[in-house]
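One chain, subunit A, links the two complexes that follow: it is found with subunit B in the first and with subunit C in the second.
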Partner chain A sequence: MLRFLVRRVLGAIVILLLISAVTYFLFFALPADPAALSCGKNCNPQTLALIRKNLGLDEPVPVQYWQYMIGIFLGRNMTIGHCSAPCFGYSFASQQPVWSTLMNRYPTTVTLAAMGALIFLVIGVGLGLISAARQGTAFDKIASAVSLTGQSVQIYFIGPLAIYLFADTLGWLSRGHDPDWTHDPVGSITGMILPAMVMSVIFWSNYSRQTRSLMVEQLSEDHVRTARAKGMTSRYVFMRYALRGAMGPIITIFGMDLSSVFGGAIITEYTFGLHGLGQLAVSAVTQTDLPLEMGVMLFGAAAIVIANIIVDACYAVIDPRIRLS
Partner chain B sequence: MTTLTKPEQPSGRRDGAPFLSVRDLSVQFATEDGIVKAVDGLSFDVERGRTLGIVGESGSGKSVTNLAVLGLHNPRNTAITGEIVLNGHELTGAPQRTLEKLRGNTMAMIFQDSLSALSPYYTVGRQIAEPFRKHTGASRKAARERAVEMLRRVGIPQPELRVDDYPHQFSGGMRQRAMIALALVCDPQLLIADEPTTALDVTVQAQILDLLKQLQQETGTAIIFITHDLGVVARICDDVLVMYAGRCVERGTVRDILTTPRHPYAWGLLSSVPRRKAPVDAPLRPIPGTPPSLLKPPTGCPFHPRCEFREYVGDTRCQDERPMLTLDSGRGAACHLPAEQQKSIFAEQIRPLLGRS
Partner chain C sequence: MSSSTQATAGNDQIPEGPSADTAAVPLEIIGRSPRQLAWLRFKRDRTGVICAGIVGAFILIAIFAPLICALYGKNPYTLYGQNDNLLNSYGMPIKPNGGIDSNHWFGIEPGLGRDIFALLMYGIRTSLGISLCVTILSVALGVLVGLIQGYVGRKTDYFLGRLTDLMMSFPQQLFFIAFTPVVIALFVKPTEQEPTYIRFFALVLVQFFLGWMSVSRLVRSQVLSLREREFVEAAQLTGASTWRIVSKELLPNIGSTILVQTTLLLPVNVTTEAGLSYLGVGMQDPTPDWGLMFQKAAEYYQSDITYMFFPGIAMLIFVVAFNLLGDSVRDALDPKTIR
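For the complex of A and B:
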């Protein structure tokens, strides 16, 4: 298990380095010049050169990348002042340190993604389990129709509808606001319920259908029949034997869906006017704000890679055949 | 060594009603193509301490019959009629709760492919201990000790260590032994063994057969042994039931069936066994044709399309009339051939092919 984790972590570091390099060099393939953008109206060659120097854009791109990576691990001195590790530089647009901006913004996105994932796993897998236990009944058919409808809608369409219905008309839930875990943990959760629910809708169908078919398959497996032949109750066989077999594939699908979960979180943030990483990423790209763009990109990539390692570790815990090989 | 016999059940009792009595059992599956009559009017008895062999080709309804005894068919697409009486209790139509109390406890089953029949997610020990805890209410610790004891009984070396292994860490033969340990953990009085040795090599097969025999002698368990291997039948069975297309075509003691079979299908089974003393280039003698579709079984005798002897009966009787199985002290064959003719055909045409006198 330890060797497995070490191998996965080393692999993850290589992946993150590759992502950082690709993002950095791609940025300079863009036609836009960030120095010219921040130079403004009364721009002359001297100011432009000064801005270039202040932003560190006068060096060759590989040198800039090298200094950037040094900054992340060791910190670096910049024209604005010393920037201690982890240093992702200062935003061209706001002059704020990227790291503290990220630290301010990530709770919204992570809370939204985690709550959304929890909700769609509970609803999707739950619907799938009940459908598998009651194949061919009215519940089975209605559940598949409902979840299929959910998959066909768009977040930015049902988001405003949900706000209108549940927040403004019925007043059951908050319209959604950024979480503040240190001062208001309860409000952090209640404020995210509506956005997380809306985000989860598009995932229901996939999980309920996959769970249903995995369970139907598992229930006809020989080892499930053996468990019934031992006299175990059907509920026990369903939960302990069939579900155990279906869990591995469900977790694999979840691992592959993680990036869509973050993507969904970004769209949801925009729909609900939340201030998370998604909004930050969009503004960084539109303003050709290299340090901010790099920061968001690496942060998101690291989050997905770490989540994937956790998923793989879960898989190894679930299936002893993988654990040992 | 602790004895596996339950005190209130004296072993080898031969008086009174048989332990398991199946009467006119039919099992039908609803499929997209129509109704499959997997078992059609089957009757048999099994007594304590005796072994009934059920032989027949694949798809003849051997396994379906025994899954019906355990009540393991999906009620949504299966219709079961007839009587299954276990130790005086009617099992057809009994509630799941009743069956759950009997399964793994009074009646247990050894499945064929132990790799897929054991769950890959739990240790062998846990899977053996589970029914023991359920049926006896034993503690976790006692059940674990019981699992170790069972593994030792079936000849697993170092059972204290292997009890915590997963099935994939066992070899095929060991896994089959673990499967047997699982079936025997609650001292079942009826054991159904569904081709338990088919996937194993010959030496392991012999060991497992000896093991089953030995356990039966100790506990007086009634065994139903499903197989298509007549060598195995000769080794372990007392009585034999030959199944074809969901029906019993011949019944008798193992000696009857192996030395003086009466039904042409049984002749075919016997002569399809390769002879040990035959020259190497002697052709194999398979039964011509394939088993019939149970969606639309042939009219009359289900074996008539493949039967080489239907001419002896004359007219189209084999095509038109279903031969009945009439038993004379447990011996009989469902064939239109007169008994005398069965004897003479076997003596003159079949026995010489078998390579023994």
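For the complex of A and C:
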């Protein structure tokens, strides 16, 4: 297990380094002048020269990248002042260190993504399990219709409708607000219910369909039939034998979906006016705040890669064959 | 799913077809190509045919949007609400239900007062145009990379495979958001006014950059198994050129995969493009765009929820129809798959 984890972590580090390099070079090495880009529409030569100096744009791009990476691991001295260890530079717009902005914003996105994932796993897998147990019944058909519709709606369509219906008209749920885990843990959860529910809808169908077909497949396996023949109850066979076989592929699908979950979180944050990483990315782009964009990109990529390792580790725990290969 | 049961039912009926024919016309067995069989299966699948009709209607709307709007007598740029005093002092439509009447079928937009029907027709045109370009380019590159990986193999396969892995681990949505302005800045100086086609081009390029990997993986795995098959070995033995093997032996066999992947990719690309415009980094006003309609509607949903329903339900119908069509196409092309 340890060897497996070490191998995965090393691979992840390589991937992250490559992503950072590609992103950096795309941002800063394209013929478009990043200084002019960050300067915006009302730009004068003084600010342009200042930005160029602050960014170190007089250096060749590989040197700039090297300094950037040194900054992330060791910290670096910048024109604004010293920037300690995880240094992603300073935001053009707010002059704040990028790292502290990221630290302020990430709890919202993580809470939203985690709650959303929990909800869609419970609902999706649950619908799939019941459909598999009651194949061909009305429930099966309704569940597949519901999840098909869920897959086809868009967060930016149902989000405002959900706020209008559940928050403004019925008043059942909060319109959604940023979590504050240290001061208000209960409010952090209740404030996220509506956004997380809305985000989860688009993921239901994939999981319910996959779970259903995997369970149907598992239920016709020999070991399941043997278990039935030994006289075990159907419920026990269903939950202990068939479900365990179906879990592995579902976890793999979940790992592949993490990036989409993050993408869904961006649109959900924007729709519900939450201040997370997605909303930060959008505002960084509209303000052409390059260091902030770069920081969010890398942070997001790292989060997805780390989450993927955790998912792989879970898979290895459930299915020992993975560890040995 | 109902469509899968229909498809298996259709599959069972296939062998009866020729036997019924031979009963009517003795001594003559009708040979059908796999393509004809697939077409027959597809025609029997009522859901698939209806969805194909809906998808076709959307494509016709995209192509003929100017004609439709000319017949309707409105265009998506004129501020009807302001010119004809259809908005109150808060910028909301005076008539109930978002200002729907015989003149403006889907009502008028709050604020600017443009005609929603005309906006939607042109919006579908923009979004579908971008997504179609993205899909065609992604599938083409995906097939190319997959073929090279699968057929050449060895180190080429390894390096292209790692490249695919790298591209897949990019946070997609973030990448699209961050790089659309960068690509635009490539062509337009920040001080200049950018032409609309540059933005169109930038959106296509950015989405295409991260759009081809799923296709290339599928094609690679199919080619890997196909090239071990006897007919490919036979072609190699007879001295067929690589081009001939690829175009005559491999491509026809992965054709169905490519078709199914295309029908699955297109709605995803449409919703991604609309999402980018919704976030404010895609197409910009006054260019009509499906996603921009959502952005506008989200601003006014508390006072005028009607606006939201037109782009929303249109997109829901479009995506549902496309997904069901994809399922039907898959069932028709490969009846063995049981979902």
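Everything below uses one rule, namely that the second predicted complex is superposed on the first by the 301 of 325 C-alpha atoms of A that agree within 3 Å, B and C clash if a C-alpha of one lies under 4 Å from a C-alpha of the other, contacts with A are read in each partner's own complex, and residues count from 1 in each chain.
Keep this in mind: a residue touches a chain if its C-beta (ideal position, glycine included) is under 8 Å from a C-beta of that chain, and two chains touch if they have at least 3 such contacts.
Here the structure is a predicted model, which is why all the values come from computation and not from measurement.
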| item | value |
| --- | --- |
| Superposition on subunit A - do subunit B and subunit C clash or fit | fit |
| Subunit A-centred angle between subunit C and subunit B, computed on Cα centres after superposition, in steps of 10 ° | 80 |
| Partner chain in contact with A:222 - subunit B first, subunit C second, else both or neither | first |
| Subunit B versus subunit C as contact partner of A:300, first or second or both or neither | second |
| When both partners are placed on the shared chain, which of subunit B and subunit C touches more of subunit A | C |
| Which superposed partner A:319 touches (first subunit B, second subunit C, both, neither) | first |
| First, second, both or neither for A:233, with subunit B first and subunit C second | first |
| Minimum distance between Cα atoms of subunit B and subunit C in the superposition (Å) | 7 |
| Subunit A residues within the subunit B interface of the complex | 135-136, 221-234, 241, 244-245, 318-321, 324 |
| Subunit C contact footprint on subunit A (complex, rising order) | 15, 18-19, 22-23, 26-27, 30-32, 36-37, 39-41, 43, 141, 144, 148-149, 151-154, 156-161, 163-164, 168, 209, 213, 259-260, 262-263, 266-267, 270-271, 278, 281-282, 284-286, 288, 293, 296-297, 300-301, 304-305, 308 |
| Complex interface listing, subunit B residues touching subunit A | 70, 72, 76, 96, 99-105, 108-109, 111, 113, 116-122, 127, 130-131, 134-135, 166, 168-169, 182 |
| Subunit C - residues contacting subunit A, complex | 1-2, 165-166, 168-175, 177-182, 185-186, 189-191, 267, 271, 274-275, 278-281, 291, 294-295, 297-298, 301-302, 305, 308, 311-312, 315-316, 319-320, 323-324, 338-339 |
